[in-house]
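Shared between the two complexes below is chain A, which pairs with chain B and chain C, respectively.
Moving on to the complex of A and B:
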C-alpha cells in the first residue's frame, strides 16, 4: 500500500517536469515582447529593462530555465508585480478558502447524488422506469445549467428574494456562523454542478450490482430490501463512484474559479482571474503550477484510495 | 468529460468498428446520392431515434434564429436608448431591455450566433486535431505513441475551462483566441479517444486482410481508420461543442472571452449581474438559451451513440416492441 503510493508519487515526476516546462513557456509564448505586453506600450526603456530583469527574461533562454528551476527548488515563485508580495504567500492565504469550498461541496454533492442514484437504480431494477426516467431527466437538465447562471438564479431567489444568504461582505474565519452563511451559496452551486456526473455513475454502478448473483441470493433468503441496497449493492458499487468523485473534483476546482469570481470570495480562483486581467504573470505562473500539482495529486489519491476500497485491484 | 445518457460507459466501448462493407458504402452514398434509398433509410433511422428528434426540435429553431438574426427586424444591437433603460418585458421588448435600453431579445439572438460559431469551430478544431494526432500516435510506432500519450496524460489532468483560461491569459481575450483556446483545451481527450479507436482498428481482422493484400499505410489510414472512427468521434465532438459553448459563456462572463460591446450570451449575463435586483430579465433569457443549446447537443450525442451501438440499439428496439405489444394486449 505505502510502497504503491510511493511508486505512484515517483511516477508523477515526469508529468511534473512537463508541467514546469509548460509554465515556464507560458510567459515566453506571449506574442511579441512579453515585457511590453505586461508593462504597456508607454513604458520607458529603463523601466522595460527593469521589468525584463524582474520577469527573468534578460538572460539567454537556457540560463532562464535553469534560474527558474533553481528558484522553484527554493519554493520561490517570485513576487507579484503589483503588490510586491511573494507569490507563495498570496497562494498560501487563498488556498485554504478554496480548499474549504471545494471539499465541502464535494461532500454535499455526494450526499445528494448517491441517494438519488440509488433511488434511480432501485426504481429501474423494480421496473418502475418512469421514476428512473424522471430523475435522470432532471439530472440531465442540471448537467447543462452553467454554474454562473445558476449562481445568479440562486442569488436572485435566496438572497434577494428570501434574504437568506449574504452575497457580499468580509470573508473571515473570526465569525464561523457568518462565514458559513457567506460560503453557503457557492458551495450549493458547486455541489449541484457535481450532482449530474455522480448520480449517473452511482445509478449505473448500483444497477449493475443489483443484477449480481449475491443480490439474488440475498433476496431469496428474505433479506430486507434496505439491507440489500446499502449492505450489498452500494459498497460493491463504490469503485466507480470514487473514480468519478476524483475526476469531477478537477472539474469542481475549475468551477471554483468562476463561482469565486461571482461571489467575490478571495480564493485562488479569484486570484487567478485578477492576475490574468492585471497581467501579473509571476502570480499566474505560480497559480497554474499549484493547480497542476493539485490535479496530479488528486489522480494519485484516487488510485490509492481505489486499492484501499477494493482489495481485488492488484498493486501492479 | 462527463458521462452522459442512460448507461455510463467509456466512449471506446460504445464504438465497435463497423463492418467494413458499411464503411465502404456509407461515404459513397453520402458523397454522391446515387443510391437514394440508402440516404433515405439513413435519414429515416436518424429520425426514428427519440433523442435525435428532441435534439433537432431544439436545435433547428435556435440555429435558424441565430443564422437569420442579422435580417430580423430587431433594431440596433449596440445603440443605446436611455429612455427605455431597464424596461421590463413588454410587447415592444419581449424580454425587456438592459441599462442602456438595448433590446435583450436582439442581443440574445446575436450572442447565440457567436456561441454557436465558437462551439462548432472549437469542436471542429479538437475533432480534426484529435483525429490527426491520435491516428499518427497509433500508427507511427511505439516511441511516438509513448511521447504523445504521456503528454496527453499530463494535459488531461487539466480541466478544459482552466486550460482555456490559461491560453486566453497568454493570447488575450477575443472570439478567435477563444475558439483556438477551447479547441486546444478538449484536444487531449479527442487524441486519446482517436488513438484507442485506431489501435482497436489496427488489430481488427479486416486490417489483417488489408495488410495481407499489401495495402499501403496511407490506404489503411484513409480507407479503414478514418472512416471507421468518424462516427464515434462525432458522438464526442457534439459533447465538446456543448462544453465549448458553456466554457465560452463562462469565459465571456468573467470578461476573458467575447468583450462588450459585441454581445455574447456570457457577457449579457455578466451585465445582468449588476442589475440583478432591479432587472432579473437581463440574465434569465440568455441563460435559458445556453441551457437549451447545450441540452440539444447532448441529446444529439446520445442519439448518435444509441444508433452506433448495436447492443444499445437492440435493447431500445426490444423495449419499444414490448411496450407496443403490451399496449395492444390491453
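Moving on to the complex of A and C:
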C-alpha cells in the first residue's frame, strides 16, 4: 500500500511540472503589470523601473522562471508582491477554511445522496416507479439550480428573513459555534451542488446490484430488507459512488471560489481571485499548484479507498 | 423404498395450485400454472424439464420469491401448518432460511463478494436461531467441517473470490442447511461445477439433508442425477407438471409423451452410440400464448382431436404416478398390462 502510494505520488511530478510551466507563462500573458498595480497609475518611469527591480520582475523571463524553479525545489513559494507575506503562510491560513468547507459539504452531500439514491433504487426495484420518478425529478431540479442563485436565495431567506445564519463578520476558529453558523450556508450550497450527480450514481449502481444473485441469496436466507439494501447491495455499489465523489470533489473546489466570494470567506478561492486581480504572480502560482496537488491526491485517495471497500480490488 | 414412504407420509411441504406470471409487452407470461405437489419429510423430489419450463421459477416461488416484476397469482404453500404465501412479509422473511432454504445454481455469483464467508454464514444463524456471535461462529466452523472443507477456519476468514467453485458451493450448502430447514430447495446446484466436483456436491447435499431429515426439492435437467439422488420425479412442461411419480416407475413406464421423449433423448451408456441423439421436434409454445388445451399438442406424436381444445388433468396411472395426457389415459389399461407383463 505505502509502496503503491509512493509510486503514484512520483507519477504526479510530470503533471505538476506541466502545470508549473503553463501557469507561469499564462499569468505573464495576461495584460497588466503588477508594478503598476502596486505603484499606482501616476508612478514615474524611473520609479516604476526601480519597483520592478525590487519585485524581481525586471530580469528576463527565462531567468525569472529558473529562479522560480530553484525556489520551488527548496519548497519556497516566494512572497506576495503586495504584502511581502510568504505565499506558504497565505495559503496555510486560507486552506484550512476551504478544506473545512469542501470536506464538510462532501460528507453532507454523501449523507443526503446515498440514502436518496438507495431509496430511489429500492422503489424502482419494487416496481414503485412513481416514488423513484418523484425523487429523481427533485434531483434534476437541484442539479439545475446555479450555486450563486441558490446562495443568494438562502441568504435572503435564512439570513435576512429568519436571521438564522450570519452572512458577514469575522471568520475565526476562536468561537467554534459562530464559525459553524458562519460556514453553514456555503456548506449547504456546495453540498446541494453535489447531490444530483451522487444520487444518480448511487441509484443506478444500487439498482444494478439489487438484481444480482447474491441479493436473491440474502433474501432467500431471510435477511431483513434494510440489511439487504445497506449491507449487501450498497457496498457492492460503492465503487462508482467513490469514483463520482472524487470527481465531484474537483468540481466542488471550483465551486468554493464562487461561494467564498459570495459569502466573503477568506479561503483559497477568495485569495485566488484577489491575487489574479492584483497580478500577484507568486500567490497565483502557489495557489494553482496547491489546487493541482489536491486534484491529483484525490485520485490516489480514491484508488486507496476502493481497496478498503471491495476486497477484490488489490493495488499493484 | 417407495412403499415405506407411502406408509409414513409426514408431509413437509404441500403446494396447491401455485401460479406465477410475469408481465411482458405481449401480455402476461404464465411461467408456472396451477402446480400442486407435496414432499414428505426426508423425501427427495426432482423437478425436471427443459429450459423455460418454469422449474426454477417454481422453486423460488415456494419461498415466495419472484424475480423482477413477476407476481404469484394464486396458490398456497403449506409448511409447518401455515400457508407461506398468506403470511405477512415479515413472517415470511423469518421463515426463509430457517424453515425453507435454497442452494442456488451458480455459487460464483450467489455469494456476496464484499462480505466475508464468516459474516455470510453467521448472520442467518444469529438471526434465526438467536445464537451469540461466538456460538454462531462455532456452529459455522462445524458446518464447514461437515461439508468436507479442509480448513474451515481459513475458509471462514476468506472472501468468496478467494475460493474455488466447489468450495463456494460447499459454503452455499452449509449456509442453506445451517438452520436445519424443513425443506431444502436446490436449483441446479451442480450445473456451474466441474464434473468431478458434481458427484461430491450431490453426495454432500444428500448426506446433510438426510441427516437433518429435510425434504429436498431438486431442480435439474440432468437425468443421471435424478436417478442417483431423487425418490420422486416431477416433469414440467410449459409451466405445468405433466407427470410425476416414483423415479424408477416413471423411468420404467413414462405415461406422458413428453416424458417419453425426454427419456428417449438420453443416450444409453451401454450399447452402440446412435448416429443422432433422439430429439423432440419443435419447441414449447410461448408462455404468453399458451393454448386452451395441452401445451405439448403441437409436438406430440400421439395427439388426439380433444388435446388442442381441452386441458388434461393429472390422473393416477399407477400407485403414486400421475400424468396429464388424454392420449395415454385412453390406452391406460393396455399400457398398464404391458408394463406389468
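What we mean here is this: the second predicted complex is superposed on the first by the 278 of 316 C-alpha atoms of A that agree within 3 Å, B and C clash if a C-alpha of one lies under 4 Å from a C-alpha of the other, contacts with A are read in each partner's own complex, and residues count from 1 in each chain.
Basically, a contact is a pair of C-beta atoms (placed from the backbone, for glycine too) under 8 Å apart; a residue touches a chain by one contact, two chains touch by 3 or more.
The model shown is predicted, which means the values in this text are computed figures rather than measured ones.
In the three-chain model built by superposing on chain A, chain B fits alongside chain C with no clash. Of the two partner chains placed by the overlay, neither chain B nor chain C lies in contact with A:88. After overlaying the two complexes on the shared chain, residue contacts for A:64 are found with neither chain B nor chain C. Touch criterion met: A:224 reaches chain C, while chain B stays clear of it. In the superposition on chain A, contact is made by A:149 with chain B only, not with chain C.
By the document's definition of touching, neither partner reaches A:243: not chain B, not chain C.
Annotation: apex chain A, arms to chain B and chain C, angle 80° (C-alpha centres, rounded to a multiple of 10).
Note on chain A: of its two partners chain C and chain B, the one contacting more of its residues is B. Within the superposed three-chain model, A:274 lies out of touch with both chain B and chain C [touch as defined at top]. In the superposition on chain A, A:258 makes contact with chain B only, not with chain C.
Residue contacts after overlaying the shared chain place A:196 against chain B, while chain C stays out of touching range. Aligning both complexes on chain A leaves chain B and chain C separated at their closest CA atoms by 5 Å. Chain A has no residue lying at the interface with chain B in one structure and with chain C in the other. Taken together, the chain C residues at the contact with chain A in this complex read 60, 63, 65, 67, 69, 93-98, 101-102, 104, 106, 109-116, 123-124, 127-128, 159, 161, 172, 175. Those residues of chain A lying in contact with chain C across their complex are 127, 212-214, 216-225, 227, 231-232, 235-236, 238, 309-312. Within the complex formed with chain B, the chain A residues making contact are 14-15, 18-19, 26, 29-31, 136, 140-141, 143-149, 152-153, 155-156, 160, 196-197, 200-201, 204-205, 240, 244, 248, 250-251, 253-255, 257-258, 261-262, 272-273, 276-277, 284, 288, 291-292, 295-296, 299.
Within the complex formed with chain A, the chain B residues making contact are 2-4, 6-9, 150-151, 153-154, 157-162, 165-166, 168-171, 242, 246, 249-250, 253-256, 266, 269-270, 272-273, 276-277, 280, 283-284, 287, 290-291, 294-295, 298.
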